[in-house]
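You will see chain A twice below: alongside chain B first, and alongside chain C after that.
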Partner chain A sequence: MSEEKKTVLNVEDLTVAFNMYQKGAFKKTDLEVIHKLSIDVKEGEIVAVVGSSGSGKSLLAHSILHILPKNAKVGGKIEYCGKELDDKYVKELLGRDIAFIPQSVDYLDPLMHVDKQVIGVYGNKERQREVFDRYHLDERVDTLYPFQLSGGMARRVLISSAVMEEPKLIIADEPTPGLNVEMAMETLNNFRELADKGTAVLMITHDIDLAFEVADRIAVFYAGTVVEIASTLDFIMGRGFLRHPYSAAFVDALPQKKFKPIEGTQPYAGNLPSGCLFADRCPYRDDECAGEIPMRDLRGGKVRCVHAT
Partner chain B sequence: MNKKMKNVISESIRMALLLIAVSIIAFFLVINSPIDPLTSYVGPESTLSQEARDEIAEYWGLYDPPAERFMSWVGNIVRGDWGDSITYKRPVKDVISERFSYSFGLMACTWVISGLLGFVVGIISGMREGGWFDRITKYFCLMVKSAPTFWIGLLVLVIFAVELKWFPIGMAVPLGKPANEVTFWDRLYHMALPVITLSIISMSDIMLYTRQKLIEIINSDFILYARARGENEKQIVLRHVIRNIALPAITVQFASFSELFGGMALAENVFSYPGIGTATTAAAVNGDVPLLLGIAVCSAVFVFAGNLMANVLYGVFDPRIKEGVITYEHTHAHSH
Partner chain C sequence: MQLKAENISFRYTDDGPFVLKDITLEVNSGERVGIVAPSGYGKSTLAKILSGYRLPEEGKVLLDGKPLPMTGYCPVQMVYQHPEQAVNPRHRMDKILNEAWQPDDELLRKMGIEKSWLTRWPSELSGGELQRFCIARVLGPETKFLICDEITTMLDVITQAQIWHLLMEISEERNLGMMIITHNMSLAKRVCTRIVDLTKLNNVHSHTHTHIHDHEHGDEDHVH
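Our next item is the complex of A and B:
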């Protein structure tokens, strides 16, 4: 049944590099922070993106939205509903068909009342009140400045502005921190409802537990690329059903599972190994792992590991 | 509200202290300078005998200890006796108020024009950082900043008054026209060149500041978010950039009062404009101590008033200062 669903977002071999000065160098060089990253989100689907800090989750969101800094070089392909998402096309979609929920309250204008910000350039007051009501933001909140909002309120304001129009694609960067458990669940259920009506949701989160609740598929990021994408069910079933040693370790490292986290840290973007990015921490590493590791299909998911079964 | 009042009061106290400091410094600089007030008063060719001189000096209190002289000077100032100007043979108060009224018009025009122009140009160059417009304006500013005021004044004078003959060469009113026939337009027309010169000079600060500030905030998260919500360049400038830069820019503009004041003094001399700047030069040349001291005190008040205004404005318009940080949600949090 999922076969006939339209792909809303398709990212293929995305590469992002920053042209910048690096330690000890006098010339600007390219620092590649996203490497050949592929991910897709279908209509009515929630894809959760998980991965440790610095793995490139926000950069993926910013690349799709074309809001990377000027010194970023982007390679690869990003498509929206089958059409190449270039600078011009994205401008038509942002704020209407594509909505973004940013990572923190710093993304609000510090000197503008929040109602005006949520209304933005496409909305109107009536709709804004309606949405605020839904997120339990009463009329007093309308004329507050961002610095006057608590973490939870700020979150709800940001989510409100994403659902002002009826977006076909929502990109949410950590939508739940700062919310209490009920509010977080409610937010996720809202995403679920939107998805059930056909919206595609790309949800970046630290909280894999919450991803388990609502996501259809989960993508695991490591050092700037996706190492595994698989159905949420596989993740819930545990390491035996996962394909990549890092995602298995990631799931095991959850507090309730009492496994020891895997040793070592994510490699720095300026100093990457030539073959598998995970090689220095992988218990299954051998000579084959030193070559280029392509993303391949496996048991209904995708994995970037030569030995995965 | 309370906080705002407190702010204004503490600023006023600061200003009063500074004023006292300026008075003391100005007074002691003048009495230790080679100017002999007696010679200035009677003129260098005077044939007054030494005894007569001593008598006058005694009567004036010139042989009293400096601290005593300072106190009696301050006492007179406070009582409204500013003395007579030697140069103009009129009470210092009259001279200063007349001269200030000319200078004030000059400064007000310059302040508004350079502020608006600098702000707009700064925003345009910042938005097009590295583009041709940005580069031209930046070089222009650096050039102006490193050139002496009188040189720029002369340049403006040669181009607009001598070559193009668009504006008069100097003075505040047409030469030989009776005072009661001088129109507002005459005044404006005569003010044009000094205002142009001063605007060119003082525009660069506010322009470079606005540009810098814009480049700083244009990559900030809230601008990114505005973009991600479909706002175009124009909407971003109108909705967010102006709102976030205007306040600090106005503050900078107020704080530049002192520089504007200094520039004005020089420009007035180039254009022989009868403002406070030319009066200062005349007073200095003639050893006109009462006038010099009067001008020093008034100028200090004027410049401090500019700074005070900047601080007060910030409190009135910035919501983060105006409303304090305690609000709705905090009161809520306590009730949990």
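Our next item is the complex of A and C:
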């Protein structure tokens, strides 16, 4: 069935590098932080992006929206409904067809009452109240400035602006940290309702257990690449159904599971190994893992590991 | 040692509603006290009062019976909910990290802090990378109590578990007292020695939040 659905967002071979001074060098060089990354979101679909902190999740969002800093070099292809999404086009679409929920609460305008910000260019007061009510933000909140909000209230205001309209694409970068489980679920259910009406949702999140409840597919990021993309069902079925050893380690670290982290950290972008990026932490590593590891299809999903079965 | 909030009341404006009313709460050295309450209830406000960033309208904050020192290093330190708001955007990371003490290489390794990040500006790091600096910079030997306001919501679950294991180890080794604000009950049960529901301590009646109570943040049935 998903075959007939239109692809709303298509990212192919995205590469992001920063031109900057690096340790011991006198000249600026390129530090590549996202390497040939591909991901797509179809109409009516929620794709959750999970993965290590610093793996390029926010930069993916910022690349799509053309809000990367000036010293960033971007390669690859980003398309919205089959059309190249350049700087000018994204500005046309933003706020109406494309909604963005940023990870940082600093995106709120410090000098404007929150109701005005949420109403923005296209909204109206009535709809804003309706949305705030849903997120348990009462009338007193309307005329507060961002600094007068608690952390979770600021988060809910950011979510509210994204769901004022029925956008065709939502890019949500960590929409739920610091929200209690009911409020977080309310947000995700709201995304689900919109998706059921056709919205495509790219949802970056560390709340992987909540993503299980609403996402159709889950993509796992590691060190600037996607290591696995699979249906949410495989994640719910557990580590035995997952393809990549990093995805399995991820599930084991959840506090409601074993709370047992694997050792080590993601490799630094300036010092990447030549073969598999996960090799130094992988219990299954052998000689074959030293070569280039392509993404391959496996059991209806995709994985970047030579030994995955 | 003991950190105590004694009959604390607080509001943000002179004629506004009280956010906290008559709160009394203790944290002893070596204890890790979880604080739970709905969004907007006053958890971060209480954290700021306990670490001396805000003064209560009524009541006292006492460290072993004495007020917090007004000068010098404060033995009660706090890590904020949003790291981007807790650092000076015009300082480089090495300055931010070493302001109060010089963490050694071993700690940086355990925290997953890459040396090459030290020459960057805060805006050149991911949310979770920045938060690791905010945690490392308050772990100096003179810190006796640490107030953690939702400190690992910006971290992936592996890094989150690594950092909590490290913090529990430090708290046991040094007999550090901790107050841990979180919405994640599974996490609270893993790391806290006891959990306090702020709604049961607070005597305010009007609030800008509704009473939705925190549950288990996903449970055993969701993931296998």
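The rule we apply is simple: the second predicted complex is superposed on the first by the 306 of 309 C-alpha atoms of A that agree within 3 Å, B and C clash if a C-alpha of one lies under 4 Å from a C-alpha of the other, contacts with A are read in each partner's own complex, and residues count from 1 in each chain.
Just so we're on the same page, a residue touches a chain if its C-beta (ideal position, glycine included) is under 8 Å from a C-beta of that chain, and two chains touch if they have at least 3 such contacts.
As the structure is a computational prediction, the values presented were derived from the model and not from experiment.
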item	value
Partner chain in contact with A:Leu108 - chain B first, chain C second, else both or neither	first
Dominant contact partner of chain A by residue count, chain C or chain B	C
First, second, both or neither for A:Val251, with chain B first and chain C second	second
Partner chain in contact with A:Ser161 - chain B first, chain C second, else both or neither	first
Contacts of A:Ile67 with chain B and chain C, given as first, second, both or neither	first
First (chain B), second (chain C), both or neither touched by A:Arg140	both
Partner chain in contact with A:Ser58 - chain B first, chain C second, else both or neither	second
Which superposed partner A:Thr265 touches (first chain B, second chain C, both, neither)	second
Touched partner set for A:Gln148, first chain B, second chain C, both or neither	both
Partner chain in contact with A:Tyr284 - chain B first, chain C second, else both or neither	neither
Chain A positions touched by chain B in one structure and by chain C in the second	69, 104, 106, 140-141, 148, 150, 153
Chain B residues within the chain A interface of the complex	219-222, 224-232, 235, 239-240, 243-244, 318-320, 323, 325, 327-330, 332-333
In the complex with chain C, residue positions of chain A that touch it	18, 20-23, 50-55, 57-58, 69, 103-106, 136-138, 140-141, 148, 150-153, 156, 174, 177-183, 206-210, 212-213, 235-238, 249-251, 253-257, 259-262, 265, 268, 270
Footprint of chain A on chain C - complex, ascending	12, 38-41, 43-44, 81-82, 84-85, 112, 114-116, 119, 123-129, 149-150, 153-162, 164-165, 183-184, 186-187, 189-190, 208-210, 212-220, 222-224
In the complex with chain B, residue positions of chain A that touch it	62, 65-67, 69, 91, 93-96, 99-100, 102, 104, 106-112, 120-122, 140-141, 144-145, 147-150, 153, 161
